[in-house]
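These are the structures in question, set out in turn.
Two complexes, one shared chain (subunit A), two partners (subunit B, subunit C).
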Partner chain A sequence: MAEDVKPTRKNLMEIEDRIDLSERGHGTLEKKRDGLIMEFMDILDKAQDVRGELSDDYEEAQKKINMARAMEGDVAVRGAAAALQEHPEITTESKNIMGVVVPQIESSRVSKSLDERGYGIMGTSARIDEAAEAYEDLLESIILAAEVETAMKKMLREIETTKRRVNALEFKLLPELYENQEYIEQKLEEQEREETFRLKKIKEKKEQEEREEREAEADAAADEPEMEQATAGGVPGN
Partner chain B sequence: MSFGASNPEYVNGRVRSRRASLFADEDYRKLIRMGPSGIARFMEESEYEREINQLGTRFSGVDLIEYALNQNLAKHFDDLLDWSEGRLYDLIARYLRKFDVWNIKTIIRGVYTDTPADEIETDLIRAGEIDDATLDRALEADTVEDVVEIFNRTIFHDALESAYEEYEESGALVPLENALDREFYERLIEDLSGSYDLSFTEPQSGPEALYVEFLQAEIDFRNARNALRLARSGADLEPTEYYIEGGVLFDRSELSRLVTDYDELVDHIAESKRYGDRLSSALTRLREAESLIQFEHALDAALLEYSDTLSSIYPVSVSAVLSYILAKEREVENIRAIARGREVGLSESEIEEELVIL
Partner chain C sequence: MSQEIAVVGDPEFTTGFRLAGVRRFENVADEQKGTELDDAVTTVLDDEGVGIVVMHDDDLEHLSRNVRQDVETSVEPVVVTIGSGTGGGGLRDQIKRAIGIDLMEEDEEDNE
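Moving on to the complex of A and B:
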C-alpha cells in the first residue's frame, strides 16, 4: 500500500531502482515464457506421436500375447516369461531446456535377440517370439513416453511458474511500485510546496517584523526632537 | 528301446473307445458361440467332468478350463503308457516324452525364478514317462543344479549335465532348454533309422514306416520353424546349433546355408517333394506376410493331416495310437484356443479362422 511507504527521496530512489529491475525482469520472463511455450509445443507434438505409438504398440502387444495364450496356452506363455531373470536396465540423465532440467532416459537390454530371451529356441514357437518382441517394442515406447511426458510436465510446470511471475510483476508488483512512486512523488511535491509556502510565510513574517521594527525606529526618531525642545525651554516655575 | 511283447490290439481297443468320446466338429461350433463360463459348463457335462469338479474350487474362468484340459490330457496319456507294453510302449513313450521335457523345463524355470513349489506344480502336465515321485522331489529342489541331479535316472540327465556348465557361465536357461528339446527330438527317431532309410523322401510301407514318416515330418517342421525364426530374427546365431538330426528336409550344411537367405529357404521348402504341395498355400502367404504365425498354423494343420492318415491306413498299430494322441492334443488346443479367444473378445470368425484347426 502506498500509504505504508515513507515518502522520502531515498525511498523514491529505491523504488525507481526496483521498477527498473522489475521491468527488465518482466521483459526477460516474458521472453522466457514465450520460449518455453514454443519448446513445449514441439514437445507436445512429439508427446502426441509417442502416445499414439504407445497406444498402437500396446494394442499390438496385447493382440500378440492373446494369440500366444490362446494357441500355446497361458501356462506356456508364463513359462517362457519365467525363463528370463534379467531385467532391462534404465539409466536417467538430465538435459537443460531453457533452464528446465528434464530427464533423458536411456535403456539397455530391452530389445533382445532370439537367444537372449531365456527360453529355448528349439521347443518354442514364433507366436511366443512375436509376443516377446511386441512387448519389447511396447517397453521401448513406454520408456520414450516416460521421457517425453516427464519433460512435458516439467515444462508445463515451469511455464505456469513463469506465467505466474510475469503476471505478478505485470499486475501486482509493478503497479504497486508505480503507485508508490507516484505517491512519493506527489508527497514530495506537496512537501516541496509546503516548504516553499512555509519559507514564503517566514520570509513574509520576517519582512513584516523588519518593517515593524523599521517603523518603530522611525517613530522613535520622530519623537526625539520634541523631547529635546522641551528640555531646552526649562520649566518656568524653576 | 524295449523289445518285449507288444500289445497293439489291446491298446487300440481301449483307444477306440477313448477316441469316441472326443469332441466332434459340431461341438466346437457350439463352443465357439459360448463364453468361458458356458464352455466350462459344457465341459462339466462331458469327458472333462471330473477335472472341472476337482479344480473348480481352486481356479475359475479360462484358467479352470486350461488346467482341466491339461489334467485330462495327462490322465489319458498316462493310461496309454500304462496299457502299452514292449515295443508299442517304447514307440508311444518316445512321443509322450515331450511332456517330460515340458515338466523339466517348467520345474527348472520355477526354481530359477524362486517360484513356490505349489505354483510350479499346477503348471505340470504329468503325461510323460517320468514318475510323479521324481517330479515331486524336483519341485522341492532349491537350485537348478539339484533339479539336474534329481533327473539323473532319466534319459535327459546327460544332456542336462553337459548343458549345465554353459548355463553356469551364462546364467541363462537357454542351453538347458535347448539341450532338453534336442534330446527329445533326436531320441524320437533314434534306432528307428536301422529299420528305415531316413534319407528316402518318399514314405515306405508298413505302420511303423508311417509312424517314422510322421516323426520325420515333426522334426522337419521343427527345423523349418527354427530356420525361419533364425532367418527372420537376424540374430547372430549359429544355425547348426539348432539343427535337429533325423529329418529329410534339410541336412546340417544345407540349413546353415539357407538361414542366410530367407527367400531361398522358403523356396527349398516349397520344392520339397514331400511337403511342397501340402504347404504350398502357407508358403505363398509366408512370402507375402510379415508374420511366421500363419506358417506355423499351416505346419500344425499339415501335421494333423498326417495324423488323420495314420489311423485310417493301419488301424491296429502304433500309428492309430499316435493318431489318437494327436487328436486329443488337437482337442485340448482347440478348446483352450476357443476359451482364451472368447476371453479376450475375439469374434467367432476370428477364432475359427486363426485358432481352431478342425
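Moving on to the complex of A and C:
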C-alpha cells in the first residue's frame, strides 16, 4: 500500500526503476503469451486431425477384431494375443517451442511382418492377422496422438502460467507501483510547497525584524538631534 | 530411455492391443470397474517404464475424482483415451481456462 512507503526521493527513484522493469517484463510476457497461443493453434489443428484418424482407426480395428472373434472364437484370438513376442517400444526426444519442452515420440517394432508376430502362421487365420494389423495401425495413431496431446497439455500449462504472470503485473504489481509513485510525488510536492511557504514566512519575519530595527534606528536618530539641541540650548543658559 | 505402451480396460478392450504386441496391460472386468479401476490406473501411472497409457473414454466415468484429474493432466505418462467421445474432456476445460474461449466447440458443431 501507498502508506507503507517512505516519501523520499531515493524511494521514488527505486519505484521508477521497478516500474520501468515491470513494464518491459509485461510487454515481453504479453508477446510470449501471444506467441504461445499462435503455436498452440497450430498444434490444435494437428490434434483434431489426429483425433479424427484415431477414432477411424479404432472403429476399423474393432470391426476387424469382432470379425476375428466371430469367425475364430474368443479363445483363439486371446491365444494369439498371448503368443506375441515382439513388443512395441517408444523413445522420447524433446523439442523446444518458445521455452516449452514438448516430446517427440519415436516408436519401434509397432508394425510387424507376419512372421515377426510369433503366433505362427498355420494355427491362425487371416482374420486374426487383419485384426493384428489394424491394431498396429491404431497404435501408430495413438503414439501420434500422445505426442500431440502431451505438447498441447504442456503448452496450455505454460500459457496459463504466462497469462497469470501478465495479469499479476497488469492488475496488481503495476497499479501498486503507480499508486506508490503518485503518493511519493504528491508528498514530495507538498513538502516542497511547505518549504517554500516556510522560507517565505522566514523572509517576511526577517524583513519585519529589519524594518523594526531600521525604524528603531530612525527613531533613535531622530531623538538624538533633539537631545543635542536640548543640551546645546542648556549650556548658554548656564 | 525406451518406454512401453500400457492398456487399461476390460479384457475385451485389451485383447486387441495385446494382438499388436502390447504386453503391459491391466484387465479390469466391467463389474469390478467401480472398485478396481482406480488402483489399476494408479499403478500404470506410477510405473516409470510406461510412456503412454491407453484407456477407453467410457472408463473415465468409473474413476474417482482425484485419479480422473491425474489422468486428465498427466504428461508423463500421457493418457490417450479412445472410444465414443472426442477424448478431450479435460483438455477442453483446460483450453477454456487458459485461452479464455472454447476452441473445441465449433468442431463439435461441425461434426453434428
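One rule holds for everything that comes next: the second predicted complex is superposed on the first by the 206 of 238 C-alpha atoms of A that agree within 3 Å, B and C clash if a C-alpha of one lies under 4 Å from a C-alpha of the other, contacts with A are read in each partner's own complex, and residues count from 1 in each chain.
Just so it is clear, a residue touches a chain if its C-beta (ideal position, glycine included) is under 8 Å from a C-beta of that chain, and two chains touch if they have at least 3 such contacts.
Computed from a predicted structure; not experimentally measured.
Following the overlay on subunit A, a side-by-side fit with no clash is recorded for the pair subunit B and subunit C.
Contacts of A:178 after superposition: neither subunit B nor subunit C is touched.
Contact with subunit C, but none with subunit B, is seen for A:150 once the two complexes are overlaid on the shared chain.
In the superposition on chain A, A:138 contacts subunit C only, with no contact to subunit B.
Legend: residue contacts after superposition of the two complexes on their common chain; A:127 is shown touching subunit B, with no touch to subunit C. Looking at the superposed arrangement, the partner reaching more residues of subunit A, out of subunit B and subunit C, is C. Once the two complexes are laid over each other on the shared chain, residue contacts for A:40 go to subunit C alone; subunit B is not touched.
Smallest inter-chain Cα distance, subunit B versus subunit C, after superposition on the shared chain: 10 Å. Contacts of subunit A with subunit B, set against its contacts with subunit C after fitting on chain A, overlap at residues 62, 78, 82, 84, 86.
Taken in their complex, subunit C has these residues touching subunit A: 1-5, 11, 15-23, 51-52, 54, 73, 75, 78, 80, 82-83, 86-88, 91, 94-95, 97-99, 103, 107. Looking at the complex, you find that subunit B touches subunit A at residues 62-63, 66, 70, 101, 105-106, 109-110, 112-113, 115, 123, 171-174, 176-178, 180-182, 184-185, 222, 225-226, 228-230, 232-237, 242, 244, 291-293, 295-296, 333, 336-337, 340-341, 344, 346, 354-355. Those residues of subunit A that touch subunit C in the shared complex are 37, 40-41, 44, 48, 51, 54-55, 58, 61-62, 65, 77-78, 80-82, 84, 86-92, 105, 108-110, 112, 117, 128, 131-132, 134-136, 138-139, 142-143, 145-146, 149-150, 152-154, 156-157, 159-160, 163. Contacts from subunit A toward subunit B in the complex involve residues 62, 66-67, 69-71, 73-75, 78-79, 82-86, 113-116, 118-123, 125-127, 129-130.
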